[in-house]
Structure formats: C-alpha cells, structure tokens
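The structures come next, written out as structure tokens.
The two complexes that follow have chain A in common; it is paired with chain B in the first and with chain C in the second.
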Partner chain A sequence: MKIIPENKLADLINKWRSDARHVIGPKNVHGDIVFETLEKDEQPCLDFLNTALPPKEFLFPMRETILNFVPKEDEWTPFTNLNEGNIVLFGIRACDVTGINLFLDQLFLSDPPDPYYGARRKSAAIVVLACEEPDEYCFCPSCNSGPALATGFDLQLIHIGDEYLVQIGSPAGERLLNGLQLETPSMDQVGLKNYVIDECRKKCRKVELEGVEEIIKDLWEDEIWKEVSNYCIRCGGCNFVCPTCYCFDMNDRVVSSGHSQRMRTWDSCLLRGFTRMAGGVISRDDKFTRLRQRFYHKLLFWKEKWGGPHACTGCGRCSRVCPGFIDFGEVVEKIKSRAGHADT
Partner chain B sequence: MKLANDPHLYTPITMRIIAKRDLCPDVRFFQMVPAGEFKQVKIDYKPGQFMMLSAFGAGEGPFSISSPPSRKGIIEFGIRKAGKVTEKLFTLRDGDTVGLRGPFGNGFPIEKMLGKDLIIVAGGLGVVPLRSLILYALDNRESFGRIIFIYGFKNVEEMLFNEVLLEMLDSDQIELYLTADKCEVKDDKYKGRICEGQVTGIFKDLKNIDPGRTVAAVCGPPVMYKFVVDKLLEFNIGKNNIFLSLERRMKCGVGKCGHCSIDYIYTCMEGPVFSYWDVIHMRDLI
Partner chain C sequence: MKRIKTVCPYCGCGCSYFLSVNDGKIAGVSPNKNHIISRGKLCIKGWQSAEFIDRPDRLTTPLIREGEGFREAGWDEALSLIADELSYCREKFGPDSIGIFSSAKCSNEENYLLQKFARAVIYTNNVDHCARLCHASTVAGLARAFGSGAMTNSIPDIAESDIIFIIGSNPGENHPLVASRIIQAVRERGAGIILADPRGIDLMPFVNVHMAQRPGTDVALINAMMHVILEEGLEDREFINSRTEGIEALEEKLKEYTPERAEPVTGVPADDIRKSARLYAGAGNACIIYAMGITQHSTGTDNVLSLANLAMLCGHIGKPGTGVNPLRGQNNVQGACDMGALPDVFPGYQKVDDPGTRKKFEEAWGRRLPETPGMTVIEMMNGVLTNDIRGMYFMGENPAVSDPDISHVIEALKALEFLAVQDIFLSETARFANVVLPAASYAEKMGTFTNTDRRVQVFYPAVEPPGEAKADWKIICEISSRMGYAMKYNSPAEIMEEIASLTPSYGGMSYDRLGPDGLQWPCTGREHPGTPILHTTKFTHGRGKFHAIDYLPPAEEPDEEYPFSLTTGRILFQFHTGTMTRRTPILEREYPEPYVEINPQDAEKLGVRNGWKVGVETRRGRIELNAAFKPEIKQGTIFIPFHFSEAAANRLTNPALDPVAGIPEYKACAAKVVRL
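Now for the complex of A and B:
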C-alpha cells in the first residue's frame, strides 16, 4: 500500500500519458458524469457517486467495425484489425470492475475467445476508485462487489482526507507507479481507509440475493412477470446501462461500392426484434416473456451456465434509468414473496 | 470446435457459388466451394449443423447445411427469400463470392443412429437440413436399418427436391411418404404419389415399428413438433431417441451474442438439435 496526496494525482495521470497510454477517466459533461479520454493536462472529476454508464464500452464498444470487405479481383476478401488500445481505465467503481472481471471476461474470454474484446482487455489497466457514498439505488455489498474490492484491480484508490491510499493489486499496477516516490501509509491511515469503506457499506441498501435462484426457478408461469412488465416500455435502457449485459448484434453497412463493413453493436433482450427469425417469427413476442428472460438470466441462467454469483453487481443503474420505475431490488423482493406459491 | 478460418472468430472464408437452381418460387438451392486463398480449406461437418453465410454488404445469417458430409468438397444450402440477407443472396450469379463461417452447432447424433431404424419427419423448409441426414444415411446404407422419411408441404408447387424424391419413391432403400396439405396435382408425374393431409396422417400407415431400435429426427415449422412428437410417442419411441432441430435467431454462432439463448444454454452451441427429453426439461424450447 502507498499514499498519494490529492495534489499529486495529476502527476500520476500525466506520467501514464507520457508512457503513451490512453487514459480514460470520469468527466463532468454538462452535469452527467461519463467516462471519456482525459486529454493532455485534463484531470478527472473525482466528486461523483457513479457514472451514467459503466466503462464497459472501452472494452466492448457500443458500436465497432469488426470486419471490412473489399473486392480483390473477382473475390470479396474480409479483413480485420484488432485494436489493442493500451488504455488505463481510471476511476472505475468496484461494481463496474466486478462487471468486467466476473461477467464480461467470463463470456468473452471463454473458449472460443472473442478477439476484439480480448485485444482491448489484455492491454487495459484498471484503477479503481472506491466509493465513499452510495445513492439510494446502490446495493453492491449485497453482491460482494463493493464499495471497495479485495482483488481484481491493478490499482485501487481509497479517499482518506486529503490523500488517497493506493492498493497495488498486480505487477501491472506496480509498474503504473514506477518512478514515483510514494510513502507507505501509517496504521492510522489504514484504519481510516477501513472506516471509510465500512461507513459507505453501512449506508448501502440491502437486496438479499442469496437463494433467490431457488425461488425464481419455479415462477416461470407466475403472474409476476405480466404484473412487472406492465410498467416496461421496452426501451432497453436497463440492458444498455448494465455492467453485466453483453448481448450484441452484427450488421453490414456499405461504405462505398468497393467497400463494406460489418458492425457490431450492443443489443437488448427487451427489444421485440431481438429473437426475430427468418420469415418474421418472434420467439419472445409477448413483452412479459422478454422481461422474464432478463430476470431469469440475471438471477438463474447465468449461475446455471457459469456457476459463481448472480449476474448483478448492485450498481443500481437499471433501477435509476427505468422510465417505468421497475426497480431491480423490488422485483427481487416480489420474487421472494412468491416462495412456496409457485404455479408450476 | 475448430473453425475453418479462425484467427479472428467472426471472419468468414470466401466461397464461390458454382451452381444454383430454384427449388420452388421462393427457395433457391446454392452450391459453393472454397475460393481463392481458401481453396484448400476442408469443411468437415455433421448433418444438422449450420453455417453463417454472408452476403457482403447485406449481412450474415444462419443456414442449415443441406449437403451430406459423405459428398465432400461442395457445400449446399436451400435458402428461402425472407429478408435483407437472403434477398441479396438471390441477386448473386454463378461465380460470385459469399462469406462462410462454421460449421456451428451440434448436428444430429449420428453415433446414436448407427444400426438403428430412422423415422425422419420434415415439414416445409425442414427438408433442407434433413436432406443432409438422409443422403448421408443412403451413402452409408449398410450402417442403418430402415429409413422412413415423411415429408409434408403445403402444396405440390412448394415441394422441394421433387425430382430426386420422386426417384426415391421407387427405391427399395428408403420408405418415402409425400403429403401435401392441399393436393391438387396437375402434372402426371405426381399422380397417385402424394397423399393429402398433414405429416401426422401418415403415421397410421407405418407398419412394424420397433421402438427399441428406432431413432426419429424432426425438422419443420414450430407448430408441427408437438403433433409429430405425440405420434412418435404413441409408437413408444424413447424421449431421448426423438431429435428435434429447432430454429432460433443466431448472430455470432459461437455462444457470445445472446440472441439464441434459451434457458441457460445457447442454441448455437448446444443445439440446434435437441432430444425431446431435453425439450421437456427446458423452459421455452418449443
């Protein structure tokens, strides 16, 4: 562990930039906190609860070109370039890092590995900024994904007074601090760190997920899905802001007569066309079947397929953005209240 | 699973269309071979597997392989014009190139079918993937018992592969039943050879079915499965010996994009062929 004074953070970020790394950090853009590239001399905004979107787009962009097709003599030839990026993701919250480590990595890096995600992930350094304050939707402690992490980062910063306590989580994290003269924290400073994290944890909402998979599995035919989906306007917002959602679509666009591209874009299981097949048949045509799919995937299917935790990091974004006020925690409570009332 | 061309997972190889013909007004049969730098690529597959076919600039979609693996070199597809990608494919001429990835999916469990009697039931376009299985079984005739094939279609104009099937009617290698929902026969060659009604109507004509040594394969429109499965169960064929090839939307083919997920599985990886036993133990499959 090291200590870095607040006013030295700029030096650290400048050093990474001079090492030819692309630094991505939180910025205040007209009142929204979003991750963007920190340009020369630009400093991150560190006074925020959480960003509007998780930083997954820097590993898995909302839209990216995965293939180019050009005609060579009389043949179309596909080619692709992998973008390695060499980025530092600075100031990510613990919940969003969990989204990357336990969910996106699991999906994209398992056999057969996704080359585009893999190239970006390999060269990305992760610098966590632990939370000091939750908002009313945050429930990361219930998901073991915050307010700070025990492992799974390169560096983790915890704000204590006028300084940041820096935890080093990997050799790559060690290298990020190369050349800087930093002091080791005192016992008091370590105690303060624990206090800050504990206080934040205590303020978080509790959403008890344990055992919910045992209850939901008998609720496939339950009325609950129709009830909840009455409030869904199928905007897909909950998917797009989720740090564990990964579904994508692939479509071609013609750039010019001699050049077309295959694009990959985020997709949402709440959108009606998500399961549209040849000839127009839609296997999840009723809105409630799509909402049910989302909750089953988060609370049961992911666990059944990969083991590990439920596919939720407690970031609260889906509840925050839902225009119909569908709240993840409330739905979990509804599911639990149906224990023993299964229709099936 | 090894892809034919896999430094980049989603990158297709280039294939050249060598022949095509219309099977009916909106279904076209394409034959293609690896082209250019991919000429030496060998595509190994099983009946019931699918591939991702690209019409460059229009997009990519999943298509069942219609050729049998026992006839090497040429890959065949039977494609219905149904959307953006297929419309573009229908504009292509012999010599034009398309992209191909795969094969993907599990295919029919040939190892469970060896030495057994087969009941193969196709509805409409479902004949396309089942053609691969039937031709494979005929090419390895001594490895199988009876081959019973029931093929239903809406009307005679929509019957696919009609010439080869009419020949099969006279063959002692396969017991073939053709049935049309509406059987108005204008052409003499069909006279008395096509039943009227649905595929389920044929089952009463099947004699001496030995459930202990029978494996069934079914592919057709979703509405067909339940009725056909009921008929197969009446013969006491085991639930784990009835195989259904199910359609879902697939975009990536490699278990990433999420479109074909049912329950905790990805159809593109663990399907598209499922036993009826799987089906009744999974939510939302048919």
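Now for the complex of A and C:
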C-alpha cells in the first residue's frame, strides 16, 4: 500500500503516457463526465458520480469491424489490429470493474475465447477509483462490488483528504508505479481509508438480492412482467449501459465489389428483432416476454449457467437510463413481494 | 477516444448526446446526463444514430447524369453546371420557374442560406420544405390564434401536467423522450391521459379515456368537448374575459355540436366525449399534445384552431404543465420554418409581402427581393407538369417517397428540365437528378438545430465528411458565388450572427451563449434568458383569438368501392423515407418489411390471416404488403407506415390540400383491401 499526494497524480499519468500507454480517464466534457483519452497534460476529473456508459466499451466496443472478406470466395482477413498497445483504464469504478472481472471475462474468455476482447483485455491495466459518494440509484454494496474492491484490480485509489491511498493488486500494478518514490501510509491513513469506504457504503441504497433466484423461478406466468413492461419504451438502453450485458449483433456490409466487412455492434434483448429467425418467426414478440428475459437472465439464468453472483453489479445505470423509469431495485422488491404467491 | 456533443438527427425532441470518436472514426454513442431534454436517456433511434454515418454507400463525390446513369465528377464541374443551368432557367423562363426545397434535416444556418439564395440570388420566393407536409397547419393555425406558430410550452414541463390530452400523436413511438415526461407525470403526479386516436398508441396502459374517432372528424370531436364545457359551466371565464376575444361567435357555433350529434360523425360515444371534456376542463394543469394526426388533413388548420379554442376556453395556457404543444417530427423542422424556408416569410416569420420588412432584408442582402409569396412544395411539383417550374434544387429532401400521390411526383421529376440534389445518400429522388452533390451528415459539420420546444442548440463536428463530401452551407455558398452573389462565411457562427441581426426572435442567439441546454426563442437580446413558456401574461399578438369552426368531412370518405379509411404515419424503429434507418441494421431488423395494420374483425370478413400478403388500393394507386393484425385499431380504419419505398404508402395517399396551409391529407383517404 502506498500513498500519493493529489498534486502528484499528474506525474503518474504522464509517466504512463511516456511509457507509450494510452491512458483513458474521466473527463468533464460540456458539463458531463465521460471516459476519454487523456492527452498530454490533460488532467482527469476525479470527483464524479459514475458515467452514463460503463468503460466496458474499451474492451468490447459499441461497434467494431471484425473482419474484411471477399464475398463468395473463401477469403477473409482479420481487420482489427489485435496488438493495439497497452491502455490504462484510469479512475474506473469498482462496480464496472466487477462487471469486467466476473461477467465479461467469463463470457468472452471462456473457451473458445474471443480474440478481439482477449487482446484488449490482456493489454489493459485497471486502476480503480473507489467511490466516496453514491447517487440515489447506486447499490454496489448489495452486490459486493463496491464502493471499493478487495481484489481484481491492478491499482486501486482511495481518496483520503489531500491524498490518495494506493492499493497494489497485481504485479502489473506494481510495475505501473515503477520509478516513483511513494511513501507507505500511516496507520491513521489506513484507518481513514476504511472510514471513507464505510461512509460511502452506508449512504448506498440497499437492494437485497439474496434468494431472489428461488422466488423468480415461480414467476414465469406472473402478471408483474406485463405491469412493468408497460413502462418500457423499447430503447434498449438498459442493455447498452449494463456492465454485465455482452450481447452483440453481427452484420455484413459491402464496401465495394470484392470487399465486404463484418461489423459487430452491441445488441439488446429488449428488442423484438433480437429473436428474429429465418422465416420471420420472432420467439419473444410480446414486449413483456423480452423484459422478463432480461430479469430472468440477470437474476437466475446467469447464476444457473455459471454459478457465482447474480448478473448485476449494483451500478444503477439501468434505472438511470430508463425513459420509462423502470427501476431495477423496485422490480426486485416486486419479485420478492410475490414470494409464496406464485400463480402457477 | 473523444466525445463530441451532438443533437440527435431524428425527431424533434432535441436530445443531446455524445458521438464517440476513435482514430477519426465513429465508435458509438454515449448519453449526456447533463442535458435538460435527454437526461442521460435516449430512444432506440438515438442509440443507433451513429450507424448510418459511415455506411459504404455514402455519396463521396459529385455525380453528373450520363444517359440512364451517373458519372463521377469534380466539384468545379458539378457546381458550374448547376450555376449555368439555374441561370439559364432564370433567364429563359423567369426566376419563378425555379423551385427550391430546403431541408428540416439541415441546420438553421443552412436553411437560412438556402432561402437567402432563393430570394437574393434567384429572385424567387419558391422556397419551401417538408414542414409543408407536417406542421404547416400548426404554423398557420397557432399564428392566427396566439400570434406564434410553435409549441407553447417546453418538454420538461409536461411532467407538471395533471391531465394530458393526446390527440393525433403517438409520442411513445415518434417522440420517445416526450413520452418519458408523460410517464414521469403519470408516476409522480398520478396524471391522467385522455387519448383521441383511431389507432391506439404506445402509451395505452396509461390512458384513462380513449376516444377512437374516425380519421378526419377531429373538429366535430373537439367542438363537442367544448359544447360540454360550456353547457356545464366548466370554462375559465376570467381567462376568457381578460385574455381573449371572439368567444361569442364560438359559443353560438358550439350550440349545435352536442356530443349526441357528434357521436355518429366521430364514432365516439357521447359519454366518452363528456368524460374527456370534464377531465380536461377540471384539471389543475392540463396540456394538449398533438402531431400529424391533427395537422395532416384538408382541415388541418381548422383542427389546430379548434385545439387553440379548447385550451383558451379552459385557461390551460401560459402556465407550466399546460399549453398547446405540437410535437415536431424532424430534428430541425422548427428551425427550417424559423429561418424562412417557407414561400411567404423571411426568417422569423416576417412577411415577404410587407414592404417595410422587404426593405430591411433588401438593405441587409444588397439585392432587390421578390414581392409576392412563392409556391409551396406541392404547388411546385404540380407546377412542373404545367411548365411553370423548369428547374429545381433539393437540399436533402426525398419527395419521391415522402410526398402524397408519388406516381404524380415521379412524373414531375422526370419532366423537369433540370434537377440538382444534395444529399448524404443517393435517395430515391436523387436518382432523377441531373447533378447530385455529396453532403456532410450531422456528424461531420457544425451548426444549430431548433427542436420542438424552440430550443436552439449547437452540434459539433465529430469526424471528417467521407470522400469529397461537403457541409451543405459550404455548397450553397459556392453555388451562390458562381452565380455572381458572393457568400463568404468562415463558420456557421458567423451565419448565426447575420440571422440574429435580422430575426427578432433569434436576436440574442449567438454561439458563445448557446450552452449545454441551448436557448429557447424568443430570445431578443444578449441579456435575454430565452422563453420556456409562451403567452404567460399576454399572447404574442395581444389577445388570444377564438375561431368559430365548422366540421368538414375529409376530402375523400369511405364508400362502397373503397370502404376503408386509410391513415399513415411513422413507427418507432424507422424514420421517414428510411434513408438513415434502413441503413441501420438493428433498426431495420425490427421492422424490415412494409405492412398494413388492420382490425382482426375486418380481416376476418376479407378472409385474410395475420401476416398474409394483401393488396391495398385507392383511386391513386395500389401496393402489396403484409397484413398485421392490430386489435386496437378502429374497425374500418387501416394504417400503413410510410417508410417503405417498395410498398410506398404515398402511392395511395390523397393530395387534397388544406386551403390555408397547403398541407396534404395524409391521414385520411378511402381505400380497399383485397385478398391476394
């Protein structure tokens, strides 16, 4: 564990940049905080409520060309340079890192691994910035995914007074600090760290997920899916902003005669076309069946398939992004209130 | 990765978000949590709005017609050819032989320049755009009633309504971020919704009273509501006395419009009319939200005037959560109107036939300007076949899919002596052009858009235009200069300075003031904070004017041969002529094929099953498409989305026009459905 004064952070970022690393960090753009490349001497904004999009897009882009090929012939060449160089994801939040570690990695790195995700993941260093302040939708403590992480990062920064306490989580993290003379924190500073995290944790909303997988099993035919889906305006936003959502669509396009491209873009199970099959059959044509799928996936199916936690990191983004104000926590409460009342 | 703030190119909500850019390429879309309209939310079209930008079939070089096809050409050759051809038309047939279509998809600055080009360079007022086809009747109607032809309130304050009267609008599909405010009002205030719509809408679960009127019977319905309000003494006398004029004639007129007499005309039970009238009049805050279902009729202006009557009768205007709120369908259709891309007005709705106004513009532009109002979009198309129009110039419009009775439009496009089109794709219309110019998309240029709540917002360039494509404003400047009238601007901000100097309602607008949420007009000076709500203490022209309106049936009513009433419109996942959405795989996957919505009971009588291909026929044409059962649609009514050129709804629609606004009757004509 090390300690770094606020005014030394710039040195750290500049050092990474001079090591030919591409540093991505939170920045204020037109009054909103977004993750952008930190150019030379650009400072990140470290006092922010979480961004609208999770940083998953730096490992699994919203849209990318994955293949160039010649139609009708058996010729293709990979388009993406799989050696993009090293990036540092700086200042990302514990909930979002949990999304990467427990969900995206599981899906994309399981056999057969996805080369595009794999290459980016391998070259990315993760520097977490623990949260000091939640907003009204945050519930990471309920998902054991924040405000700070115990493991699963290269470095983790916790803001204490005018300084940041730096936890080193991996040899790669160690290397990120190479050449910097940093002091070791005092007992008081370590104590302050725990206090900061506890205070933030106390302010977070509570959404108790334990056991919900048992209750939801009996609710396939329940009215709640229709009730909740009345508020869904079919934007797909809850999928796009979710740190644990990974579905994508593939489509080919003709660039010129003799040259086509295969594109991969984020997809959404809230869309009707998501289950469109050859011949035009759509297996989840009713809106409520799609909404039900999303909640079953997050609360039951993922757990059944892979074990581990529910597929939610408590980031609250799906609630914030929903034009119909469908709130994940409220739906979980509704599900729990149906315990023992299943229609089936 | 960089994030560039932009404004959505689809509907009129005016959502802001960021375009993500990586190595000079569009990498995606990122919501803007800090924006007053979108609040970090987007609809599916917004989420997908990056997809069409880098399609390989973008136009990248000027094209010149050669036989049946085109050849690639340089800018110089293409621009000179256009300048020569337009000059030739002007000399040989007179300036009014040229027709110019501006665009509700282009920026304020571009619309301003194109109407300036028409008036100062060509010397014609023949400039119009697709607002003619959507809200021309709003501009005409609300200007007469209130003095200002725009949404009276703001999108955010819909959430402060207690009763929301939605008529001829489907916000869940067509203005999703307005729907978000409606849902917020329902959730937070327990707001009620009154719906008048023959088809049912996306927000049905929240509707308290649904009046499924026959298409084109809106005046009868609204008059009957007002009859009930007066009969039961629910009107706001204080407001009527202090703020309005002309109530007497309306009161006299309304006597005959009892709900019982309206019932057989509209098909709405008298009790529902009474219930709706009481709910609307009795609400603390009640707003009216309407769109094409009101405006696209041969009685469009009457419909709008009737809604203005209703709001004034109850005093539901000039306060938060109230008002008469037309939802505009294109991202900059409000702005294109504000900029005077209309045949009768200069920017700011200043009349071209007013000598004082004309003098002001003549002095500013240094040219003599034409005195009489020009032709509308529809009149220009008709004018081609009567040889009144010889040459046309389209900026980003696609009338070969969007105009009514397109067989007629195509005939006209073929008959033109010269047609130039600037667009981002080779649209159905561009295929008929002599010269096609490649334009930059919204992601490749800078400018301002004015959304439906009169909010002027800056959008920024995210990437370079493909190939040799150029921003529309630069193209206009170059043609103008080639025709002997120098237009020299270094940036859109400079054009905005000129706009502000000539347009009182934009007088205080300048790029340095257009912050995160923009500014709402009227904004008359540098210190003016903009105007979220119009008509708060008095109407723009003093007193609000009531108009006594009689119900007139649609120009074409169902009969034995054509027993159905056909109405058309948009769906959530496609947009207009599909130029952008049909090139967006996720959107196209939702609804890739044309279809006709029909009530299952009607279909059963025809022996048609869900998904079967049917023929739909009117006096103007016939198309074949799949039947889609829709239990909510009123029996005797069918609905066809107009996005699909392979079965274009506008082969069927009736070009009958509203006599005041010249808007065609897209929303009602007689049709038959045949089993194939």
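Descriptive notes on the structure:
Everything below uses one rule, namely that the second predicted complex is superposed on the first by the 329 of 344 C-alpha atoms of A that agree within 3 Å, B and C clash if a C-alpha of one lies under 4 Å from a C-alpha of the other, contacts with A are read in each partner's own complex, and residues count from 1 in each chain.
The rule is short, and it goes like this: a residue touches a chain if its C-beta (ideal position, glycine included) is under 8 Å from a C-beta of that chain, and two chains touch if they have at least 3 such contacts.
In this text, all values refer to a predicted model and were calculated from it rather than measured experimentally.
With chain A as the common reference, the superposed partners chain B and chain C fit together side by side. When the shared chain is aligned, no partner comes close enough to touch A:Leu182: not chain B, not chain C. When the two structures are aligned on the shared chain, A:Pro323 is found in touch with chain C, with no touch to chain B. With chain A used for the fit, chain A forms the apex of an angle whose arms reach the C-alpha centres of chain B and chain C; rounded to a multiple of 10, it measures 80°. Residue contacts after overlaying the shared chain place A:Lys305 against chain B, while chain C stays out of touching range.
By the touch criterion defined above, A:Asp267 reaches both chain B and chain C. Shared-chain residue A:Ile3: touches no atom of chain B or chain C. Of the two partner chains, neither chain B nor chain C is touched by A:Ala119. Using the contact criterion defined above for the overlaid structures, shared-chain residue A:Thr37 touches chain C, although it does not reach chain B. In the superposition on chain A, A:Ala339 contacts neither chain B nor chain C.
Looking at the shared chain after the overlay, A:Tyr246 reaches chain B, while chain C stays out of its contact range. Between chain B and chain C, the smallest C-alpha to C-alpha distance in the superposed model amounts to 9 Å. Shared contact residues of chain A, touching chain B in one structure and chain C in the other: 249, 251, 253-254, 267, 276, 280.
Within the complex formed with chain B, the chain A residues making contact are 66-67, 69, 72, 74-80, 82, 107-108, 112-115, 220, 246-254, 260, 262, 267, 269, 274-281, 283-284, 289, 293, 296-297, 300-302, 304-305.
Remark: chain B residues 1, 3, 6-12, 14, 16, 35-36, 54, 56-61, 80, 82-83, 86, 95, 97-99, 222, 247-249, 251-252, 254, 256-259, 261, 263-265, 283-284 touch chain A in the complex. Contact residues on chain C toward chain A in their complex (touch as defined above): 1-3, 5, 18, 20, 22, 26-35, 40-44, 46-47, 50-51, 55-56, 172, 176-177, 179-180, 183-184, 187, 202, 205-206, 516, 572, 585-586, 589-590, 611. The touching residues of chain A, counted against chain C in their complex, run 24, 29-37, 52-53, 57-58, 61-63, 230-231, 233-237, 240-241, 249, 251, 253-256, 261, 263, 265-268, 271-273, 276, 280, 320-325.
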